[in-house]
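Common to both upcoming complexes is chain A, partnered first by chain B, then by chain C.
And then the complex of A and B:
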């Protein structure tokens, strides 16, 4: 099998490849609760199933996260989006983009896919209403040409959800 | 490069290529860089205690980060306060193997070396080596009842160092005392280098008579010595 889906992007550097393989091994030994990595041969794009935690608005709902790694991972954050349908959440746009600071400005190379997943599940779990962000329509319209969320200038204002 | 044969079931996964298998035992994890997750190369440690490869940390701080923060804990990182770790092993591979393409990584910061410890004061320097030797010998050989051997060594050592009449005589009867009592008092030899103070013999319990004799003889010798000194001085 070839990784055709990743052909448009630059291949992972050797360091990125090494690190991702280590992360994958670690994931398989000790996956974060509520997540399931869908097996594929593509190291550069992970698809991860996330199941809403019990006792939250998203209990037993399953969504899919798509994680794309840049050539310079982990120096640069991966691009993380929800595949359609994205959960209804005040910080998740209908095109799957997630407003979460660690995915952009606050990324640190010491973070891992696993730690990102936990942050996202935590974000879902602390939600009190199932609704889209206020500016959802405008934002999604702006992204119609397939813009990556990493090119968005995010404004992180809400630390409660 | 992106596809490395991960199409196996998750349970039976095995590291797919030797280049990344490394050693996955947990012990090595203590020495893995927090950025590349490999065994740290040119390791440096921040004041907050987090370990990185120097090239990884340099690259993060200078080319990707917007702030001088520790990637793990966000504490301020000052390059001049990084501590390099110098292990025993030599770099088997060319350090440039971890080069980041198109990037010049300067040498990692060198260790900040405090000045060497000051030498011990002259008094201690004179007495301690012999005390230590004596202690070692006595401790080692007492089970074989060769206390005399240790004492003998000490005596000759001292005699050689200060070949004065006083010292030689003193060791003469110090020996007699040690033969009788040292077996139970391996530390007797430690007081030996006190240089003829009477408390040397206070440990010889059960030999009070001989002790008193020794003290008297010692005192006599001391007086004689002082008289001798005075005579020499007056001349």
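And then the complex of A and C:
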């Protein structure tokens, strides 16, 4: 267990709890299209099912996103990864890590789980090929000890996909 | 369009120029196309302005037999829903006024509608609680807007975020864009990323942790209060009060008001031990005479020595309270929709207003 995954086990702050409860209520009233979150009593880890949008390469395929919230959410971004099997996509590594700027450097506390989900679905929908990132094998090898994607120094390939 | 009608339209353009001056931008005379910057009627006090918009009006060749096309080119402080609401209202009005030359009347209608919408709306983007609670029971927290984009936040929420960024910058060797910006004294709006200057936040910086409303929402309120009493900011607050209290005692209950007016829920001054009495000495009478003008001059015009209960309502409403130039580029604001609740007391409480 690395330091980061240990620290993510830290209990949510009161502010984080309040905020997540608000998000949960909003999600139940108005969930983003294509997503299904089975509400559990674990506020700190959400597992969300995503279904590929109609008319895209991922139509009717379902995947699972795991969202882990840090103690000081929403100041700090949640860790978002795809559970195995991750969709084949030029920005999604086979270990489930997602190369998407808003999850790292471009995170803003005004974003929500719901807005992250919409960004991820949009990223899937705009893909034109089902393939792994070019550096997939190297990257996944480097992450073998369970490193969090938040520790990666990402550089973002392009904004088209 | 006949030449008579063309002339009429030219007359309308002249009228528009006369009414709106530099806010009116004529893009084309034939066919008529213009942009108009819309401000709510209260906009001369920028702390009371929460919305603005630029509308585009294009007269079709059949105008005035047919209503002109209206669109909102740009707006601040309005989400998609409110923007649509405003546009729909103007378009409906255009149809109502048709047929006829309507440009000034239509634009005045738009200003009227925008003025009615001139209040912050929705939730704080950071904590997701309403900026202005509809529920009378819940407390209105102080909030502020960024002048570059009119996005509003609870003061405490945005400062907490700002401090977090700065702390991250210290611990983390500036790897992300955000941190670099902090160093340059530039921030980005959490909602739209529009840059703002740190100065925009300075006037609310000391608000963080100054009230417990954020943390006391949970059921285990007792422990929260316990923690709060032990917390650093509470100790600092008590020390500040101690200083004021001592000053009050020295001055026979009179204190100099602080220059910056910050109103906080739950803030109150302890009752002075020695209130000025009828038996006050010659010295303290002089003190009083000396102090009162100061008090008056530092309050806003028209607020002179009113007790806080009556001056509370003064800041909303249509008239300006202070000139634009003396404003910060952003401002702390109170709920413009309903009166502030009883526990709101001016920090710079005028001692004369106390019994």
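Assume the second predicted complex is superposed on the first by the 153 of 161 C-alpha atoms of A that agree within 3 Å, B and C clash if a C-alpha of one lies under 4 Å from a C-alpha of the other, contacts with A are read in each partner's own complex, and residues count from 1 in each chain.
Heads up, the rule we're going with is that a contact is a pair of C-beta atoms (placed from the backbone, for glycine too) under 8 Å apart; a residue touches a chain by one contact, two chains touch by 3 or more.
Owing to the predicted nature of the structure, the values given are computational and were not obtained by experimental measurement.
Peer 1: Check chain A with both chain B and chain C modelled on it and let me know: fit or clash.
Peer 2: With chain A aligned, chain B runs into chain C, so clash.
Peer 1: Scan A:94 for contacts with chain B and chain C and give back first, second, both or neither.
Peer 2: Neither partner.
Peer 1: Is A:75 contacted by the first partner chain B, the second partner chain C, both or neither?
Peer 2: Both partners.
Peer 1: Counting residues of chain A in contact, which comes out ahead: chain B or chain C?
Peer 2: Ranking chain B and chain C by residues of chain A touched puts B first.
Peer 1: So in the superposed three-chain picture, is A:125 touching just chain B, just chain C, both, or none of them (first/second/both/neither)?
Peer 2: neither
Peer 1: Is A:11 touching anything from chain B or chain C once the two structures are fitted on A? First, second, both or neither.
Peer 2: The answer is first: A:11 touches chain B but not chain C.
Peer 1: Once chain A of both complexes is superposed, is A:24 in touch with chain B (first), chain C (second), both, or neither?
Peer 2: It touches chain B, and chain C stays clear.
Peer 1: Figure out whether A:153 sits in contact with chain B (first) or chain C (second), or with both, or with neither.
Peer 2: second
Peer 1: So in the superposed three-chain picture, is A:64 touching just chain B, just chain C, both, or none of them (first/second/both/neither)?
Peer 2: Neither partner.
Peer 1: Pick one for A:44: touches chain B only (first), chain C only (second), both, or neither.
Peer 2: After superposition on chain A, A:44 lies in contact with chain B alone.
Peer 1: Contacts for A:56 in the overlay, against chain B (first) and chain C (second): which applies, first, second, both or neither?
Peer 2: A:56: touches no partner chain.
Peer 1: Common interface residues of chain A with chain B and chain C?
Peer 2: After superposing on chain A, chain A residues 14-15, 17-19, 22-23, 72, 74-76, 105, 108-110 contact both chain B and chain C.
Peer 1: Can you name the residues of chain B that touch chain A in the complex?
Peer 2: Against chain A, chain B makes touches at 1-11, 13, 15-17, 19-20, 22, 24, 34-38, 50, 56, 59-60, 63-64, 66, 69, 71-72, 74, 98, 100-101.
Peer 1: Quick one: in the complex, what on chain C touches chain A?
Peer 2: Its residues touching chain A are 125-129, 160-161, 164, 175-178, 188, 190-191, 193, 214-215, 217-218, 224.
Peer 1: What does chain A use to touch chain C in their complex?
Peer 2: So the residues of chain A in touch with chain C come to 14-15, 17-19, 22-23, 26, 72, 74-76, 104-106, 108-110, 112, 153.
Peer 1: Provide the residue numbers of chain A that touch chain B in the complex, in ascending order.
Peer 2: Chain A residues touching chain B: 1-3, 6, 11-15, 17-19, 21-25, 28, 37, 39-44, 72, 74-76, 105, 108-110.
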